[in-house]
């Protein structure tokens, strides 16, 4: 096989020696040795968009994105500021600026942003204290001191041999929790694993605040939910925040690209993240390198998709993707809309003084419903990574939201609440949020005298 | 069952001998070359989809055996050719019932072809670790036979005159 | 070289002259000319199953299939008898036996079962009277008289040249209603069109009872629904039947294989029905013929799927299909379950004397919800023909069913109805249907004193 013969430069079978120290964490240290990859990495600075993806900095609250999020994340940092992702090179800049970080945020937040993390985690440095240490006061200064880079070479490569490696311990623990053997990964697997140390769902285990991936029961949304209801609850992790409208104990889902791809058509067929997001490219006219310009593959369909799908034109492939995404986006919008209603119905249950047990039951359903759309919305491919699986989860979300509304309706009508008025008030609040042009203030219109906030003020955002 | 396999094997080896014999008897360099060519391979019906899918690919100027026979030494090439050729010939003549509906590469083919990709494209794959998967065709799935519609020739896509009852133009 | 050479006997590129009369309709007339295809056609007699498909005669009411159907189709022939489809060769036998046919059924029913239909439709025979003529008294005897075959060669081939042709006029009319140009189809398209004259959604236009395909607005479930709400209603076609539990004016969806494939991954990529269902087979060792043994392609993955997916093993392909189907089947079961509840909720609205306008609104939702799962359940691939699209439709179904239940809940509670009792009664009725072992009697347990029938008895099944 290709892999067996030594036909390539710097390959695994022909280890290179960069001469760099083992603890190198600065991208610049690699610049002269690997100018092409370095240059390619820096191209993640470029900003351009596709129909649904791309790298132009954009608020998720934009009309064309998910304008209902300030309602849906009300009471949590994600209602304050939440943006589309962009190039790796911006990772540190973006986490420093984001309004979700405050003086109580802790170290864990830096885990997927900086090359210093594996060093900080060493016993001689912060060790396990890293996770819970204060983000602004301790962790970030320490990382800067070390001369860190945003998501750099050392995150995925051994600086001395350039072998692929996984540097975040959470990944191995989580794979093992599901019983997946990762002791002898193939190169093809490594081309996914390096991404799967970050592009995954996670939570902070409550004691040490360590980053944990909830995979023990499997990668599907319902399997991860099951984990949160069992393993995580046993650990004492009950929720990310209390919803400010429904008062429900909520989970926030995060970028489950790895989980979604793995359970989708491409993943099941052994296609790796790097196959699509890092195609070989001729960088300086002579030499080919793996693109290190991670962004939408739709910007380079020729190299990324057409290597495997050569019997289709770039245009046909783009149309295929966009038609999947169009269908997906409509369904997501609808699921979020129903979820919004369910939060308000439960708010009304609270103010109308419905029986506590019924409120708790409805809150449970609202929590569940939101999980099933959020785990899909937080995924960054607008459905492409797994079209059927994503739609299945949205379907379950609509079902749970509706169950909450059904339950609420019964109780509210029993208490003599006027449901038509309730609906009108929901529309009013929603419109107020949409009409507000200052993204930071949108969240403030989600509650009002009809729908009073259910949260004590100033609950700190943790994620 | 075992008996049958043995019997086939024996017949096959007779054929291999025969085939080598014929090839070397014909002896001219031209004959040897001819049995590498697409024209020769395509004389067989079962080779048609392979031929037509190859024929409009960037690799159409190659001979079949630049991919399908070892190219590292003359000896291994003719040993492989003789065995494969005899097998194909035998199947096509005496064992037609066993020819599968859709012909797929056997492991030996996969291995030989892979070596040939590497040997032609050494330069390209030298400039980058071009070894992410086991075989080149795990990515380059369409080289050169992999088009999903490979058994559909142009005739499948030519607008035609078909009788469709109830159509406004009444054709 | 000989790439262009013809390997098959009787191919379209080399027009043949069979010497048969133009109006040949008996399969047996082709037997000696095309023994291989004839034999292959007759192999549809074989009965064997796959995980979800196959050809063993099976009631759709079986526990492993869709046991809730006797409730969901209550009041219609489909609650009486409804079976999985099987080989083409059984088409005439099955339609003669099916309990859905009664003395009032009309000719249209034979449209997709017998080779006599194109002849019967000729002016000199029955002409347009065919559609509405009595099935048992007029049409079937006339077809038998002509010596018809079940779905035979002449349905898809010109008996003289063996060119592919479409013989059912409904197809062309419907394609043209959507503005699709079918004046010069390619052979690749014909390999789908011949199937698309039967494997499609249809209804009987009320005046002449002509078979019509509702495609003017598009092929997606929501586009066909739109058609029924506009064009069909304007024609006077309001519903297939009135539901016996909810009293809603219902639509029955039918085998939309063509519509579903066309809007799915394979269809969008130009894969035709025949590519999967009629792979080339080496029938007598030398000659390659198109398999005329239409059944599940999973019975012959090597020839059908691996022509295109040679980079995967048959085992991998089977797993891919079954994993799509497993996900799909769970979602379908759930959508049907919610739909059942919605019917009963509306029944209760009626007996509790909720306002007529509210009942009508809920009935509208129930009708819509059922459409969106039925058009998927009636499709025979258990999701494979279009995994994302099918799931999308199921999602919409759950949403509409839930809307109906929400609306009903509001009205019922206002009227003082005990919702817990209602739920218990739904469970009781459902269990009674499931427990009945005689398939023909299952439907009788769906209504009872708590849920009285909403239909005048003996409404004849039309489809």
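Note that the chains are named A, B and C in the order they appear, and that numbering of residues resets to 1 at the start of each chain.
Definition applied: contacts are C-beta pairs under 8 Å (C-beta built on N, C-alpha and C of every residue); 3 or more make two chains touch, one makes a residue touch a chain.
Only a predicted model underlies this, so the values are computations on that prediction, with no experimental measurement involved.
Student: Touch graph of the chains shown: is it line, ring, star, complete or other?
Tutor: complete
Student: If you tally the C-beta contacts for A-B and for B-C, which one comes out higher?
Tutor: Comparing A-B with B-C, the pair joined by more C-beta contacts is B-C.
Student: In whole angstrom, what separates the CA-based centres of chain B and chain C?
Tutor: Using C-alpha averages as centres, the distance is 42 Å.
Student: Nearest whole angstrom, what separates the Cα centre of chain A from the Cα centre of chain B?
Tutor: Here the centre of chain B sits 46 Å away from the centre of chain A.
Student: Quick check on chain A: which residues sit in contact with 2+ other chains?
Tutor: none
Student: Specify, in ascending order, the residues of chain B that touch 2 or more different other chains.
Tutor: Each of 138, 141, 146, 148-149 in chain B touches at least two other chains.
Student: Going by the contact rule set out above, which residues of chain A touch chain C in the complex?
Tutor: The contact residues of chain A facing chain C are 265, 268-269, 312, 316, 319-320, 323-324, 327-328, 331, 334-335, 338, 383, 387-389, 391-392, 394-395, 398-399, 402-403, 405-406, 409-410, 413-414, 419.
Student: What residues of chain B sit close enough to touch chain C in their complex?
Tutor: Touching chain C from chain B are residues 38-39, 42-43, 45, 48, 51-52, 55, 96-97, 99-102, 104-105, 137-138, 141, 146, 148-153, 155-169, 171.
Student: Help me check something: in the complex, which residues belonging to chain C touch chain B?
Tutor: So the residues of chain C in touch with chain B come to 1-5, 7, 12-13, 118, 158, 163-173, 176, 182-188, 190, 193, 269-271, 279-282, 285-286, 288, 300, 302-303, 306-308, 310-311.
Student: Report the residues of chain A in contact with chain B in the complex, numbered from low to high.
Tutor: Residues 1-3, 5, 7-12, 187-188, 191, 270, 272, 274-275, 280, 286-290, 307-311 of chain A touch chain B in their complex.
Student: In their shared complex, at which residues does chain B touch chain A?
Tutor: 114, 117-118, 122, 124-136, 138-143, 146-149
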